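After this come two complexes, each holding chain A, first together with chain B and then together with chain C.
Up next, the complex of A and B:
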């Protein structure tokens, strides 16, 4: 290759670099920023490890005991309490079901007050939105502790705890679905002389119904898991049995209960997937 | 008679409809043409009161329709059917329920909310669907229909309102030529047979010429032409569509809506 050609190529490269500096690697300031970000990350990492006393020796010693527990988990055994455990599991599922149902029904009404296109009054809408955030910001476990005090030990506390925290989540999700609803069909109902309620009923609800159903079913699934935890703080169900076995170091029964829970969640997952397909796609049939 | 006086609609600094005054006789079929952004849709939306005008007045047979609220607003809107470019059906509801939406303002809200419609109203919906040749699809969900079919359902929805005015905002802009012709012919027959006043925004000059008696040209929110469709000449078209320095070619605003019988038409479209 001739020298002239080489020089022309270099000049061309320089021109391109001047025109598209971003395409040729990081600039100095970007490199400094990147280094700073990594430095900050490692500082926070080491500080947290030190502050929480996470050390290799403790983990190593713990492994020993973990091994014993892991060994104890097999083979899983019902300990002769299978009917009792099954009943408790059903109690947890029922708790999740009732809690989710209550939450969805309440959220179906409340959500409209959090949607800009329904409630334009800013301050009012904001206070509704913030209360949704409050309800869902507090974990259902905390609500369960509160309700156990209020209504006593047992599944009712669990139902109320699930309902309370999910009203917040579902209302927020539904309100967002309403805000992003397609305006065209709303316009058409309005243009034909439909009033406010009719606009909501025919312009909005058909659109957000799939969102409502999908989310309620998803919540039901996830609440079946939460319901087992709620049992541990005294809200009844399979969680109570689980914590009981853990306290007594009966690891084979613990693993049996865990398998039962996983099985139940799996079955519910299948049912909810089936229902979603049926209800929402509905073979292009009109649903509501 | 529809009388519009000094109508103005502003979006922020943007004046979409600028001091429009118009008078449209009962039973007229009027085409509104103009470039994109000229304010055609905004004008129709103001007439229906879907958008509130910034200033100016609209009256129907001498009675003001601007500034109405509540019941009386909805009474006007029911008299004033609206057809949209994107059809604006509720996709997840079936055809007959979509048509029955046109009856909402005649009915008890509670019953409507529960989808309880009177037998006579259902019969009326079916009869109207027959008129637009869509009765066979009455129970199909709206989102399973083709564009041309959706627009005919939308027309049926407007018709069961028993309107005195029909506002159509580019009703054929998303349709193929054959469906476009069908829709325009339905609109024309509604105008001729039922004596309903029709205002129709159109993008294509030849369509406007063929189906409308009178043409209104808009540019930048103002009316720049108002006259009989066969008197529309090149100079007026230049005012409506063209920048002064650019020569205006009428072909660019025309589509080929098939003329005469279908066999003469080389295009075969799936309806």
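Up next, the complex of A and C:
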């Protein structure tokens, strides 16, 4: 009786196993394949690391020095240069602000040439879009170095660098906002006898202005981060002091500057979040 | 009688409207004044004037003109070959750059995975573990890669290793934050089902959370790869490997035509990989929406 029950159960289980093989773990061939994939992955990983010169001895020796650096980071000290550092930090923030402002003003004009519903000529639009991609694809640090060579050391190079790479980003974002604008309002202006400019002014701009402002604020936040490093290539801001202290191995001042940067980024993020919430709120109230 | 009441309502409305408009106008004038002050102060701090700005543009145009190669139709291919005389070396450096970015993304994703679960409010009981993990992620992503690279170049020496570690640390922080935000939005029901059938914490994560969040994690990781390639292309500026070092030399020593050649190579690679990643992301998200 019990034997028969056991046999029936075994048969039942075998049936289940045949019906739902995945529920009983992987089959042997699957296991082999999976192992082979992971083995190949780790082999490639190992050789890639080796190719880049990452080795245990180098890491070990480096960790030794890293320990010294980490020990030197605490306690953070200003080294008596707090006013100078504060000025440089303000310069970074000012660079980010002016760069974003210039970029959004330029992008507000350029973006129309990248939008399908404004510029139907395909080749023209395509070339505008690709130029935006080019401006965006080159990092602001590269632009900063180029501007330093072209217009000299100082914050002007930083402002222009931020503005240049942001013109690309913002033009692209704004163009996408224009393309996704509600067609009904555009049609209404057109039906009321509005010309091309009036369509843009009364049909499109009221729709995309909040999007433009929020995106500009987002860019301001991220530019504050980039503006803190542009000084490394001499384009103004606190990056100069930071790289200077790192090269001189004054680690307590390095950590002090990093804390200042993190604090400034935090404050700017907060202001920007507040303004964005206000803008979105204002936009909603206007609809009502 | 009736028209009197209507008139009163209209008068009240007009009064309110006028008041609202007046408040709006005052608000507008005030914010415009604040804005103008901020612009003025910023311009003052960064020593920016219309005159200096105006002088900068022709110089920039001149600079860009100098970087452009001389291409003639009659000797087109010879000119291209002359322009890209260092093509194979630059290609190898570009390969290094991509490898740094790819490895940094892999290690960053692994680190982010390890950190994101204890940094999700709904997955850990202890507030302190959550708090510490979140702050750690925050600190490691707020400091720019280039700053880490500068420090690691001192510790580990000049070379790609410093850059790799710098981008890894930044990626870990950025990905841990994004991953944990996904984790906090998971459907709790499968988690409770697993817990009630006796699964431990790791099993809940593996079979309850991971299947839900993996598509989002993959899209975020691909997006990170795009950003890491951009970062890897510039960390060479501080001696941390990749094509950035070559570009830095070209700009510093005014090898004008090299600048345009290298920048064009970088931009084309970045654009190409962005396109591929975008396709992949759309495919992953599309699959997710179908389910």
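Methods note: the second predicted complex is superposed on the first by the 236 of 288 C-alpha atoms of A that agree within 3 Å, B and C clash if a C-alpha of one lies under 4 Å from a C-alpha of the other, contacts with A are read in each partner's own complex, and residues count from 1 in each chain.
As a working rule, a contact is a pair of C-beta atoms (placed from the backbone, for glycine too) under 8 Å apart; a residue touches a chain by one contact, two chains touch by 3 or more.
The shown structure was predicted, so the numbers you read here are calculated from the model rather than taken from an experiment.
Aligning the two structures on chain A places chain B and chain C side by side, free of any clash.
Contact with neither chain B nor chain C is seen for A:277 once the two complexes are overlaid on the shared chain.
Contact with chain C, but none with chain B, is seen for A:51 once the two complexes are overlaid on the shared chain. Of the two partner chains placed by the overlay, only chain B lies in contact with A:184; chain C stays clear of it.
Contact with chain C, but none with chain B, is seen for A:261 once the two complexes are overlaid on the shared chain. Looking at the superposed arrangement, the partner reaching more residues of chain A, out of chain B and chain C, is C. When the two structures are aligned on the shared chain, A:156 is found in touch with chain C, with no touch to chain B. Of the two partner chains, chain B is the only one that A:209 touches; chain C does not reach it.
Of the two partner chains, chain B is the only one that A:193 touches; chain C does not reach it. The superposed three-chain arrangement places the nearest Cα atoms of chain B and chain C 7 Å from each other.
The touching residues of chain A, when paired with chain B in their complex, are 184-185, 187-195, 197-198, 201-203, 206-207, 209, 284-287.
Chain B makes touch with chain A in their complex at residues 48, 50, 74-78, 80-82, 84, 86, 88-94, 97, 101-102, 104-105, 109, 112-113, 141, 143-144, 154, 157-158, 161. If you check the complex, the residues on chain C that touch chain A are 38-39, 41-43, 45-48, 52-53, 55-56, 59-60, 62-63, 96, 99-100, 102-103, 106, 139, 142-144, 146-147, 150-152, 154-157, 159-161, 164, 230, 233-234, 237-238, 241, 247-248, 251-252, 254, 259, 263, 266-267, 270-271. Of all residues in chain A, only 45, 48-49, 51-54, 58-59, 62-63, 65-66, 69, 87, 90-91, 93-95, 97-98, 101, 133-134, 137-139, 141-142, 145-147, 149-151, 154-156, 158-160, 225-226, 228-229, 232-233, 236, 242-243, 246, 249, 254, 258, 261-262, 265-266 touch chain C in the complex they form.
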